Amino acid sequence: MPANYVPIFIFIAIIAVALPVTLLAAKLIRPDNPQKTKAMPYECGVDPIGDARARYTVRFYIIAILFVVFDVETIFLFPWAVQYKALGLFGLAEMLVFLAILIVGYVWVWKKGALEWI
Amino acid sequence: MPTGNLSVTTFVIASIIKIAIVLWVLLTAVAYTVWLERKVVGHIQNRWGPTRVGPFGLLQPLADGLKFIFKEDLTPPYVHKFLYILAPMLALSMSLIAICLIPFGNSVNIAGMNIPLQITDTNIALLIILGITSIAVYGVALAGWSSNSKYSLLGGLRASAQMISYEVALGLSLVGVLILCGTFSLHGIVEAQTGTWFGFIPKWNIFKGQFIAFFIYIMAAYAETNRIPFDLPEAETELVAGYHTEYSSMKFAMFFMAEYSNMVTVACLASILFLGGWTGPVFGPPILHALLPIFWFALRVLFFIFVYIWVRGTLPRFRYDQLMSFAWKFLLPLAIANVMITALVVALRS
Amino acid sequence: MLHLALFLIFGVIAVVGAINLIAQTHPINSALSLVVVMGSLAAEYLLLGAEFLGAIQVIVYAGAIMVLFVFTIMLLNAGAEEQTRGSKVAIIIGIPGMVIGSVAVAWALIRAHTGAEVPVGSLYGSAQGIGHLLFRDFLLPFEITSVLILIAIMGAVVLARRES
């Protein structure tokens, strides 16, 4: 591992110690007076009905799965982009093919209505 | 290699000193961004903003900080306790770590040692920042889930869906810059933007044809930091405070600091990637040679933060379906088109 | 020395995370353990000199695929796993089976070890190196990947979307 990663690990170590210490220090000085009403889940004063962890709409799932796919696509573009000047026209051609195939998928998803929120 | 001729101990000590300075500056910047926001938004709305604590309310951040520490902390008994405590720390640490890789200037010579003005630079700095951004989603998602409150869970889901949607556009907007600069190192990206055309137009990436990418980056960055006009996750009229509804005291302060330190990081990155980082006219004695780049850099960052606040004081909030279709149906195809156009232009020119 | 120590520490974190992933009964704890495993694997790649691969490991696995897992758990409100008689049988057969399997793999690796060592960082770890390999030598696999991604998009949408 090159030496220039070391400061990042030092930084992470400092943060990993400092943040819990801050929370603990605050715990020592602040007042602590819990009551039953204070501890209720906040719902603007109305008593909550049922558990908060219900099932939610599948839209969020579609978004997440599309994100995975397009994230992978972006990742493929990164090494290509930094090498682009070395690859020349050949690099352009191969990436155009790659993107063309993906744009087909994108258009299909759009036509299928998966990008609609409602 | 930043070690160069330094020994290991000197290297570690120099890193720790740099980390201490940068963290102090960052946290101060975060505190005064909050002050600036309250002040500017106040003036936009024809109010004064904070005036009571210190001259011009300048000590307000200090008072706020003290209040956060002395406030009672409510941990509702229904929460998933470990994740409930982990989430704010995760959010704050991820937003702080990114500052490690930001270059504030070129290097300076102190006592014969060449010290670069950044905590560290690596070959894949930009990718590390992207990785940190993608991990930051957990802070929000877990806060929403572990709180066991309907507002929190909906806010957390909305926030994380929004962050991942705009992450795609954010990543794609960087590809054009990478084509032009040919490196992931932030120092290298700034180096690639030095110099001018005709003596007065700076060779910044935004003038090299990356203005569409700049637009996409700014939009995506506003959404990633959950700021107006994309602050749906904490839309107070419908979700109270979104994913941090159940948080109070220091844990809430951590989310709050995370948001503002993300703003600072995003502003730093925007200046580095598109506006030439610390480049600018440098003149005068050696001390000015060392300080002017930092000044130019800080000026750009301040500009971005001001625009952030200005937008907050001006624009209304999007609807959630508008937000999603803006990301997937407008920014994403635009970003792909930008990549193709940049690649074509670079190929034609060479 | 420090290098080896760090490598071992992250290796231990990865293994402990993986064991915790199986031992936890609540899916969200398991998912987060898997994030820890992915993170320490990324650190291992970094220590071996494959920095690009390390970054990708974090962005794609910890930052995208695991987000999908966590999302699914949040959306479905998946509760704690229930212990059945079948899971007891799995423990009784599974743990010795795992031990035997890993001993066999270790033994095979030690037997096959020729003594030739690859110095750290000599693999194509940098982004430039990977770019060169991917877009010159392995062009066809790369282009086929795009078809694979296309199929993934279609499969995801077909599975998740209800026809109206």
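Should a chain be cited, it is by its letter among A, B and C, assigned in written order, with residues numbered from 1 in that chain.
Definition applied: a residue touches a chain if its C-beta (ideal position, glycine included) is under 8 Å from a C-beta of that chain, and two chains touch if they have at least 3 such contacts.
Remember, it's a predicted structure, so these values are computed and weren't measured experimentally.
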Between the pairs B-C and A-C, the one where more C-beta pairs touch: A-C
By mean Cα position, the chain sitting nearest the middle: A
Whole-Å separation of chain centres (CA-atom averages), chain A against chain C: 18
Separation of mean Cα positions, chain C and chain B [Å, integer]: 29
Touching two or more other chains - residues of chain A: 2, 5, 51, 53, 56, 60, 64, 66-67, 71, 75, 78, 82-83, 106
Touching two or more other chains - residue numbers and ranges from chain C: 51-52, 56, 59, 63-64, 67, 71, 74-75, 127
Per-residue overlap in chain B, given as positions that touch at least 2 other chains: 122-123, 127-128, 134, 145, 153, 157, 161, 164, 184
Residue ranges of chain C touching chain B (in the complex, touch as defined): 28, 32, 35, 42, 51-52, 54-56, 58-59, 62-64, 67, 70-71, 74-75, 126-127
Chain A - residues contacting chain C, complex: 1-2, 5, 51, 53-58, 60-62, 64-69, 71-73, 75-76, 78-80, 82-83, 86-87, 90-91, 94, 97-98, 101-102, 104-106, 108-109, 112-114
Chain B residues touching chain C - in the complex, by the definition given at the top: 80, 83, 122-124, 127-128, 130-131, 133-135, 137-138, 141-142, 144-145, 153, 156-157, 160-161, 164, 184
Touching residues (chain side chain C, partner chain A) in the complex: 3, 6, 46-47, 49, 51-52, 56, 59-60, 63-65, 67-68, 71-72, 74-77, 127-128, 130-132, 134-136, 139, 142-143, 145-147, 149-150, 152-154, 156-157, 160-162
For the chain B and chain A complex, residues of the former touching the latter: 1-3, 11-12, 15-16, 18-19, 23, 68-74, 76-78, 85, 89, 92-93, 96-97, 100-101, 119-123, 127-128, 134, 145, 147-154, 157, 161, 164-165, 167-168, 171-172, 175-176, 178-179, 182-184, 240, 245-246, 249-251, 254, 320-321, 324-325, 328-329, 332-333, 336, 339-340, 343-344, 346-347, 350
